[in-house]
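Each structure below is given as structure tokens.
Heads up, the next two complexes both have chain A, just with different partners, chain B and then chain C.
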Partner chain A sequence: MAIGVKVMKRPGSGVSYVRATLKGMALTFKHLLQPAVTMEYPEEKSTSEWRIATRWRGTHRMMTDEQGRSKCVACGLCPQVCPANCIKLVPGEDEDGNRYPLIYEIDEFRCVFCGYCQEVCPEEAIHVGVHYENSEYSRDRFVYDLERLSAQTHAVSTLWDPSDPRGQ
Partner chain B sequence: MTPDMKGFLLFSAIKLIVIFTALLVGVALITLMERKVAGLIQNRPGPNRAGPGGLLQPVADGIKNFIKEETRPAGATGALFMLAPVLSFVPAVMLLAVIPLAAPLPLDLDWNLPLIGAVSYHGALPISVADLPIGFLFVLAISSLGVYGIALAGWSSNSKYSLLGGLRASAQMISYEVAMGLSLIPILLLTGNVSFSEIVRAQQDGLWFIGPLFLSFFVFLVAGFAETNRLPFDLPEAEAELVAGYHSEYSAMKFSMFMIAEFAHVVTIAAMVATLFFGGWDIPFTDWDEQGGALQTIATHAMFFSKMFFWIFFVMWIRWTLPRFRYDQLMALGWKVMLPLALVYIMVIAGSIWAADHLLGWGAPRPLSFFLVGVNLIVGWLVFFVLDRGRVIRGSDRRMRGAIAADAAAGG
Partner chain C sequence: MTDELVSVTVDGAVVQVPRGITIIEAAKHAGVLVPHYCYHPSLSSPAVCRMCLVHVEKMPKLVPACVTPVADGQVISVHAPAARKAREGVLEFLLINHPLDCPICDQAGECELQDFVFQEGQARTRYSEYAKRYNPVEDFGPDVLYVPNRCILCTRCVRFMEEMAEAPVLAVAERGDRAYIAIDPHHQLDHPWSGNVVDLCPVGSLVSRDFLHRARAWELDKSASICPGCTQGCNITIETRDEAVVRLRPRPNLEVNRHFMCDTGRLDYRWMNHGDRAEAPLVRDGDRLVAADWDAVVARLHLLVHDTTGPVVVLASGRASSESLGWLMRMLEARSTIAAMKVPIGDEAPLAGVPGLALRPERAANLAGGLMVGVRDAWADAIARVGSAGLVILHDVDLNDAEAAAIAGAGTLVHFATATDDRLPRADLILPVTMMAEEQGVYVNRDYRAQRYLPARTAPGMARPAWWAASRVWQRAGSERTVPTTTSEAFAALPAFGGLTHRDLGYGGRILDPAVVSR
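Up next is the complex of A and B:
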């Protein structure tokens, strides 16, 4: 006999196939009468039993200050930490010496949605969001520029809190 | 041509067209029903996008299959590759022709039709395309022809998975064909006829054969599942092992034809079970349905349809209940359980009929039926409560235990 064959422990006698079949049929028939547990997705996106987790890391969002400017100070930490290399940042500086991003682009195709950019951001400017419906008709539409990132309105995801590991 | 002949041909043609169309439309709707039942059993709604409640789903499937690209694998045996779906499809749709779908409709008419001329029909019009005197022998013969399509599809595809599927189908069909044929012998013993209309009449005189011939019904049902290649006997297409089995290499309408054939087989098996064991179009506890008339024909057809519908549902119900058999278990069940069971049952029924006839004097249909019900209770108890204890189809651990013991004895 081959070594390492896992022999399942099954009752060798005293079992009735017909009775087991009838029991199985009773079970499946019970399920036939139960209401569907599914959600009609495009019409309803959350039910009383299910909603998308607040920790969901989806489409990015750039936060803005009171004057509508992006909070980003172009420190360069997010392109540095990004494991997928999907953030393109060209820093600029105005006459007062304030740094701001000249170009800030995120390629949502390359992004692995790890959320490191949100964690590393000192100004809490870039966030990953609780949002997942971003299909487009062409590939170049998946590169989100600063304007588009700032225009997002969905909720931002809450980061994992070590003192509350299950998010309660 | 005499007016009688013309009438016969005219009504045959009408029945042929109506039943063939109804079968194909029914098959399309059964594919939807299958998916709906699957969904409901898995606590989900099933297809519900195309049309109200998903009713147009078969249309969408059909259009998709019509406009799909026809692929042809390199090295496929040309003519046979084309022929196989047809060989599978044609026998499947032929089967329903002999099954009486309702009580015969008494007609008494003399028409003068344009183009055709004088047409007359006197007597009862059987509501089946052809009320063949050879009855279920025709079904057994034609349904086993379907395996040619499957085996040839497997072989001509030039693919190892298809070939394995085709071989499995042939082995399975041969194994269960025997049990299926033998399971119908008791019906022959009881009615003395193989014609479906005679079998229905015998069940009206006595009891529905589900009572007097319960084990025949059991063997026939199991063998029927095997014949249609449905779960738990779908080893020819076993998608987990063989991609899609014998139709792996088929696409578009050719693939559709295999599917239509499979579902047409399901319809036929359901109709056969309803006819042979559940009284066919008979409405129980009343003799009104046997008087004949348009109303009776409609009512009996509704009765037949509901019985057939239940068995179609049953096939789907079983599909989502039982897992697929292992190949050796399939063969063991066929040869070691079903075949001996059917053979012994023939002896038991033959003996019982003889005893009832000659020793007890219960030769009339009703007393004989009740006597056989009693016999079946005893035999059924023996089979389902004494023999069915995992002795015949063994789990793998039994064989393994033997192997381990042999291994230990050899000093390993």
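Up next is the complex of A and C:
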């Protein structure tokens, strides 16, 4: 033959699937009796074995002071340090002559969740959150304005601590 | 100071410097910046800040570089351990009462205290038991706020008002750590040049109310330019944020404006951010103006220049570049032309301490440039001739209602516009042109010093410099005419400037040859 085709000889008799099936089912039943390792998300969001890391960097949260105003003073460091250029900040001045953000918006789609904004913030105002459930029905809802950032209640990231690199 | 040179060694580098200059200036020749606060090249040196202490061999003590003249053979060490230690101590004292409000301070990013503390200060404070001194913010004048907590008492502002403005309304009040800059209670800081104290302040103690919270220093893009406000031609820097001009600051030119500019020029930038700009060329078609491309507009303008009869009236703005004015005149070289520039007249406001520096009454930056290229007629005469003119060419002028009414009734109107004018509905052609912040060009000041300015931001839409359009029209009038493609070529091609190029003008500008001027 021009293109060497090797013809295999098929087994004729003495072959059964029963043995293989029983082997497979044995494995299945063995696992039925063992404790479960999966987690029933979304009913269950953390277990004693697994929880989301405190260093997790998720969608942002703006911290507020006792009067409920954001702690941001519009210094401009977070838009400057942001590698994804996702923070829009326009500074202004309130009645008392304090500097505050007129506009503070974070585009969570552009954000790469590096956490530099939290690291650079001199007022400990902006934080990345320990949070991952961000679904929305429209894309524009992913631009978080100041009100929305301040209304977030989830925990905030501890970030990576160089003096405690393994998080112990 | 003589022409004689002495040889000094600064941090190991041997440099030849003029005899009699100070160590701080000699160090600049060697490329070494001696940290300093109270010293400023345009002001006297009181040597109060003690930041510029340097070590000089065979001198028993550290010497202040700002007041010590150099001597031949001196071996100066700016970064000797003793000098560094002294400056570290000075900075520690300054920081005892300096608030940690860099995040909300307007000066952050261009603050000399930040710079030098970062360069040679201590990382930690040893002074934490006591609260810092606190004084409330004070309103000094129309545009200047004083934040006493940030003040390091360099007294540059006091000396500027005393020596340059010769209106000594500022002084140091109290003593020791209670000292602050006080203003005469019967006066305000409203001298026409008082805005310079904000630039002089090395920290964020004197801040401009106009610029307050507008932008951070590191967000600004800076372009060298010339103030379009008056015939003085002060060198300025246009600072933009996101394509919007947010601040004008003086740029040193020792022969024109030293380190200063007046408040009128400083605060007159809002027109540069005008939003309602002409962006596409418009051609009249019956009752309507329709958008066209540049080729069509140039062809139409060529026909207008050639087919109309009667005199041509050119009405130009005092902010037009020499290139644009020169090429507009050249485009019309075959016609009899009445060309005038609108020169608003204001009050003169000299800066007493600098001879020859003043806010001039003629508020048109390029008045002399216009005279050189042939824009020589009186404005009132030109407006009076509009009615009988065959063609009126309007270049970006702020018209009052009477002038607009006169021009609206003119026969054929070509408008080189940065913004369309509703009062001129009968324009035959509207050509979108760049304004001075968007183009480069040359202004000639009252001393016939030609100075370049550079673009600070991009032009809107299809806008182009007026010289570009005018030169293309001129090209169509004859075969084998070559036209410039760059602003520098456009300048060099104008006979009024004797073949000088932009490069010949240099950074400080160049006083044009009187022979050329008279021609």
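Keep in mind that, in the parts below, the second predicted complex is superposed on the first by the 133 of 168 C-alpha atoms of A that agree within 3 Å, B and C clash if a C-alpha of one lies under 4 Å from a C-alpha of the other, contacts with A are read in each partner's own complex, and residues count from 1 in each chain.
In this section, a contact is a pair of C-beta atoms (placed from the backbone, for glycine too) under 8 Å apart; a residue touches a chain by one contact, two chains touch by 3 or more.
These numbers were taken from a predicted model, which means no experiment stands behind them.
Looking at the shared chain after the overlay, A:Val5 reaches chain B, while chain C stays out of its contact range. Of the two partner chains placed by the overlay, only chain C lies in contact with A:Glu123; chain B stays clear of it.
In the superposition on chain A, contact of A:Glu93 is made with chain C only, not with chain B. Judged by the touch definition given at the top, the superposed model places A:Val73 against chain C, while chain B stays out of reach. Within the superposed three-chain arrangement, the count of touched residues of chain A is higher for B, of the candidates chain B and chain C. Note: no residue of chain A belongs to the chain B contact set and to the chain C contact set alike, using the contact criterion stated above. Those residues of chain A that touch chain C in the complex are listed here as 73-77, 80, 91-93, 97-99, 122-123. Residues 102-104, 108, 137, 212-214, 216, 218-219 of chain C touch chain A in their complex. Residue ranges on chain B touching chain A, taken from their complex, read 37, 39-45, 317-318, 320-322, 384-385, 388-391, 393-398, 400-401, 403-404, 407, 412. The part of chain A that touches chain B in the complex is made up of residues 1, 5, 7-19, 21, 24-25, 27-29, 31-32, 34-38, 40.
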